[in-house]
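First subunit A sits with subunit B, and in the next complex the same chain sits with subunit C.
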Partner chain A sequence: MKRLLLAGVLAFVPSLFAAAGGAEDTVKIGVILPYSGQFADTATQMDDGIKLYLKQHGDKLGGKNVELIRKDTGGIAPPVAKRLAQELVTRDNVDILAGFALTPNALAAADVSAEAKKFMVDMNAATAIVTTKSPYMVRVSFTVPQLNQTLGTWAEKHGLKKAYTMVTDYGPGIDAEAAFQKGFKEAGGDIVGSLRMAVQNPDFTAYVQRAKDLNPQGIFVMIPGGAQPGAFGKALAERGIDPRTIEVMGQMEIADEHALASMGDIALGIITAGHYDYNHHSKLNEEFVKAYNEDFKRNPDFFSVGGYDGMHLIDAALQKSGGKKDGESLVDAAKGLSWESPRGQISIDPQTRDVVQTVYIRKVEKVGGHLVNVEIAAVADVKDPYKAAMKQ
Partner chain B sequence: MALTEGTANPRLYLQAQTRWRPIEIAFWLATLLPYALFPDYLSLASQIAIAGLFALSLDLILGYAGIVSLGHAAFFGIGAYTAGLVSKYGWGEPLTGLAIAAVAAGLIGYATSFVICRFRHLALIMLTLGFGLLLEELANSAGWLTGGVDGLQGIHTWKLFGYLPFDLYGRTAYAYALAVLFVLFVFARRLIHSPFGLSLRGIRENFVRMPAIGAPSRAHIRTIYTIAAAMAGIAGALLAQTTETVSLESLGFERSAEVVVMLVLGGAGRLYGGLVGVIVYMVARDQFSGIEPQYWYFWIGVLLVGVVTFLPNGILGGAAKLMSRRSRS
Partner chain C sequence: MLPPVFGVLFDGLAYGMLLFLLSVGQSVTLGMMNFINLAHCSFAMLGGYVTVVLMSSYGWPFFATLPCAFIAAALVSVGFERAFFRRLYRASDLDQVLLTIGIVFISVAVAAYIFGTEQRPLQLPAYLRSSLTFMGVRFAVYRLILIGLALLITLALVLGLDYTRFGARVRAAVDNERMARGLGIDVDRTFAITFALGSGLAGLGGALAIEIIGLDPSFALTYLVYVLIVVSVGGLGSISGSFAAAIVLGISDVAGKYYIPQLGAFLIYLVMIGLLMWRPLGLIGRR
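So, the complex of A and B:
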């Protein structure tokens, strides 16, 4: 028995040394995402983006080995997200917290990042205030006002004078409504009416009819991605609204790959604002889409790019900090970083730690028999307008 | 079990029931083990204690009074939002926060109990479900108060008794949640082993007959429903205070359904059923999802199907059966 015990201890010792020796050359990243439940597909796309970046860079970030510890929140669950972040910091001793598809979870975990002084990378959660919750947080995705206020300004500049807004009655919907209206009105446009719609299983027919009755030149829509864009498209067709005559505009989800597949040709002419689409033309993006398809048999979306660029940010920050992994060093290194992403040139605003990027205005067209988003305009170097306004 | 000598005299029977058994004392002593054995798991332990309290409150109405509820998270959420709002607007003292949350949840529980006591079985499922959904939508649309989908921001819980801060490791959080759970458990235990508790079980078995022997079914249901609502409110407040977050999921349908699952897993109608169910479910969930973040639900499903197939009365029901078989042989 004694000998067995000794053998056990001896077997354990080398692994202990290996762990101690590896600690300096290893960066531990806790990834918190909704891997199960209704947002599982979002998490999968983000995780695949993370995987692809690591694969292309020899599984190293900033010259260090990478240990990813994945944790599932199961959906919108701030107390769970906060506990997972706590456990990652106290039990697993991670250096960096990353992931975050959903705003409530990101806000909850931000408390832990602030208290434990850990670098935190927001790879998706898009409510403007998220980054203000921890001084060690950096965002690489987008903010809702960044896209929608830009869209509002652009729409007015391109001849739209009277617009109607219809949004889902929840946080992102309300933020998008405010942002679009601000951009549109400040440019001189007129909002002829606005409407908030039910979150659960809405029937869009009545809402669309109401918009049509006011005879606006354009309709701004913000609804959650998933099943709703398809239903919305059907209502447009039923009520006889053609996006080619009355402009239908919105954030990128209403015309993403799945939405276009379920809407069909009625989607032709829909205008969206987005920071990424797999049809974006650049050499880097073409390679990215090809590699992504090889590994995961589908096209990347803006979630994938969030995961991919999040890894890029960690890589670059580690290099710049000279391998220091504490929150202070990493966030200082991250400020002002700039690189070419598959979506185009992006940078991290040193003041707000938020992403600065090009906002693309896209129109749904048929190219080679497929519905795709074709870029018709690009507004370069857009900062989050919400936080810019907060400062004044 | 102890029916033999007690059945002749109800008072003796109840007295025999209230005596603390060695296994119970061992159970509560074991709840202190995480401090020594799993100091890295204290935040999980605190959330287990909170879920345990929530399951206990459901057991009072579902297990003992036969009120089937699929909307019990409504009270959990009311407690959580009340405690969160009290803290947000400048009063972060935890114990008074709990009391205020209990009163708020209890009051709403009392108000709705007048409807609840008029229905049984399937109608109750619909009613409680509807009430829960209504409340969730209300909290969503009152974004100026609740923060809507983003959750309530700006909660700060003060130090416990003025000098125990809520730390990152969850030491204070677990002690606090466990102490509250224990106090309320003792209260629930006393309640269940009182004549009132006995008549609740009578109502569960036959709602119409109980008034004939002098136990007003509806009044009793109103009382227990109010108590359970206040307890659920305290559980919600504990979660809000220890995590400093509240969001819509705190009163969502999933939380209501999950607590029913955990209670049934442990064994409904037994004081320890909810606690055992919560421990098994949440530890399994934590372990499975750590190993397999994407497909852990599969293993939870296997666990649930297994327990329900082989132990139809839950884990404790199965254990009790085993014990009685052993003592007979």
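So, the complex of A and C:
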């Protein structure tokens, strides 16, 4: 038994030395995502974005080798996310925490980032306040008010005067409701009614009928991506609402690629606000979509771009910090960074550490027999309006 | 012109029939055979994937895929029944639950591996997506079809289980297995066929449901709750009980969302609690 133990210890020693020797040239990134469960597809797309960036850059970030340690939260599970973040920091000694598809998980892990002074990259979680929870956190995705307040203002300026809002009764839904209504009312529009819908909701006909009874000029909707947008579109058709006569608008999920495939021609005319769509016209995006399709046999979505740009941010920050991996150096390096993403030019606001980007207003149209989101307007350099209002 | 309440009643009825089609197989396996099969929705998911793949990759018409969804789910379930489930027919509820929930998780992972984690949309022809207007109320064609199919299946099952020799064998085998064997009934085969029937119905229900509720690997877990609610409110061992429960739950859910949206999705649980307190054995419970 003793000999066995000794052998075990001896076997372990060289690997310890190896780890110590390589530590300077390796950056360890803990990726926390809901790889299984209801949000598995979100995690798949983000992870594929991460993989593509690494592949295109020779598996190096800022000249260093990269070690990714992936952890699965299994869905909305703040205590799990916090525990995983703690384990990553204390046991695996990661330099950076990244991923975070869901706001509750990001908020929980932010505590660990703040306490351990670890750089944290939010690649999706989009509630406005997320970045305020840790001074070492940077977000590369978007914020719910950034898209929806912009949409509200735009809609009023383009002829919509009386709108009805229907949102899912959960954090992002309530945020989106407030943001759209704020933008819309400040521009002079009138909210004729609002409705909050159940989170687990396979059938929308009752809600849509309720909206239709008020005969609004336009309907703003915010529901989670996945199965619900398709079901929502079908309910619109069954209850006789045509988005070309009653404006139907919302955040990008309601008209993502799968939602459009599921809805079919019902979707024509739906207006969405988004920061990314695979149809965005730019040379960089065309290359990105092509490379993504070659590797993963599907189109990227805004989650993929979140993962991709998150890696870009880490890459650029490591270069700027001169290879320093502590939270302080990395977050300082990240502030003010600006680069061209597949979605267009983006930058990191030095004050809020949040992403500044163009918000695209898109309309579902048929192009070459396919339903796609066609950009009809672009509002450049939008900062998160929620945090801007908080400061005043 | 009919008042909007008719539209709400129709949508509620159609939603109830959707719930019924998803859960009628469960009321066969759980209700008739007393076997707690939490993997029910995994078989429904299989049926859904069969339909989606046949339609998108092979260009089959929707209705032609439905029998295939039934048969595929039935065949796969017989394999599982012979290999695992039959060993647990007389085991405790907990053993059955543990085995079948394990199968649910495996099925979720397998579906994600084979079909990917994304939504697989169903592209139905336009006539199935249209709706008829009758006296100012819109009736969606697809929902009318759901209601019709649910009625047909209920009728066939009730008649089949109450009035045929096979139905008598199933009931005999469940009530007193030893006596049934003594009388020369091939209990193993009867159970295997009944189980296949229940799972086949799950596959069919899944194939019919995905147009409305969508399909991705989490299907196997997401809709399990609704299935269990329908079966328990309906009463174990009663097809017509499940039918009645599905109607009550569907209408109360849709009406609740329409008239008191603040209650949201909670109403369906309130109704369940109320009904079960009133009739602990379910609406038409036998045991």
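Following the convention adopted for this analysis, the second predicted complex is superposed on the first by the 374 of 392 C-alpha atoms of A that agree within 3 Å, B and C clash if a C-alpha of one lies under 4 Å from a C-alpha of the other, contacts with A are read in each partner's own complex, and residues count from 1 in each chain.
Here is the rule we go by: contacts are C-beta pairs under 8 Å (C-beta built on N, C-alpha and C of every residue); 3 or more make two chains touch, one makes a residue touch a chain.
All of these numbers come straight from a predicted model, not from anything done at the bench.
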(request) Give one word, clash or fit, describing how subunit B and subunit C relate on subunit A after superposing. (result) fit
(message) Contacts for A:Asp190 in the overlay, against subunit B (first) and subunit C (second): which applies, first, second, both or neither?
(response) neither
(request) Check whether A:Thr103 is in contact with subunit B, with subunit C, with both or with neither, and answer first, second, both or neither. (result) first
(message) Looking at A:Asn201, would you say it contacts subunit B, subunit C, both, or neither? Reply first, second, both or neither.
(response) second
(request) Using the touch definition from the top, say if A:Ala40 reaches subunit B (first), subunit C (second), both or neither. (result) both
(message) Once chain A of both complexes is superposed, is A:Asp381 in touch with subunit B (first), subunit C (second), both, or neither?
(response) neither
(request) Please work out whether A:Asp295 is in contact with subunit B alone, subunit C alone, both, or neither, and reply first, second, both or neither. (result) neither
(message) Under the stated touch criterion, which partner chain does A:Gly240 make contact with: subunit B (first), subunit C (second), both, or neither?
(response) second
(request) Could you tell me if A:Gln209 is touching subunit B, subunit C, both of them or neither one (first, second, both, neither)? (result) second
(request) Based on the superposed arrangement, let me know which partner A:Asp169 touches: subunit B (first), subunit C (second), both, or neither? (result) both
(message) Quick check: superposed on A, how many Å separate the nearest Cα atoms of subunit B and subunit C?
(response) 5
(request) Return the residues of subunit A at which the contacts from subunit B and from subunit C coincide. (result) 36, 40, 43-44, 169, 199
(message) Could you list, by residue number, the parts of subunit C that touch subunit A in their complex?
(response) 4, 7-8, 11-12, 15, 18, 108-109, 112, 116-119, 121-123, 126, 129, 131, 138, 140, 143, 211-218, 222-223, 253-258, 261-262, 264-266
(request) Going by the contact rule at the top, pick out the subunit A residues touching subunit B in the complex. (result) 33, 35-36, 40, 43-44, 70-72, 74-79, 82-83, 86-87, 89-91, 103-104, 107-108, 111-112, 115-116, 127, 129, 169-172, 174, 199
(message) Looking at the complex, which residues from subunit A come into contact with subunit C?
(response) 36-38, 40-41, 43-44, 169, 195-203, 205-207, 209-210, 213, 226-228, 230-231, 234, 237-240, 258-259, 261-262, 264-266, 298
(request) Spell out the part of subunit B that touches subunit A in their complex, as residue ranges. (result) 40-41, 43-44, 47, 137, 140-141, 143, 148-151, 153, 168-170, 239, 243-250, 254, 289-290, 293-297
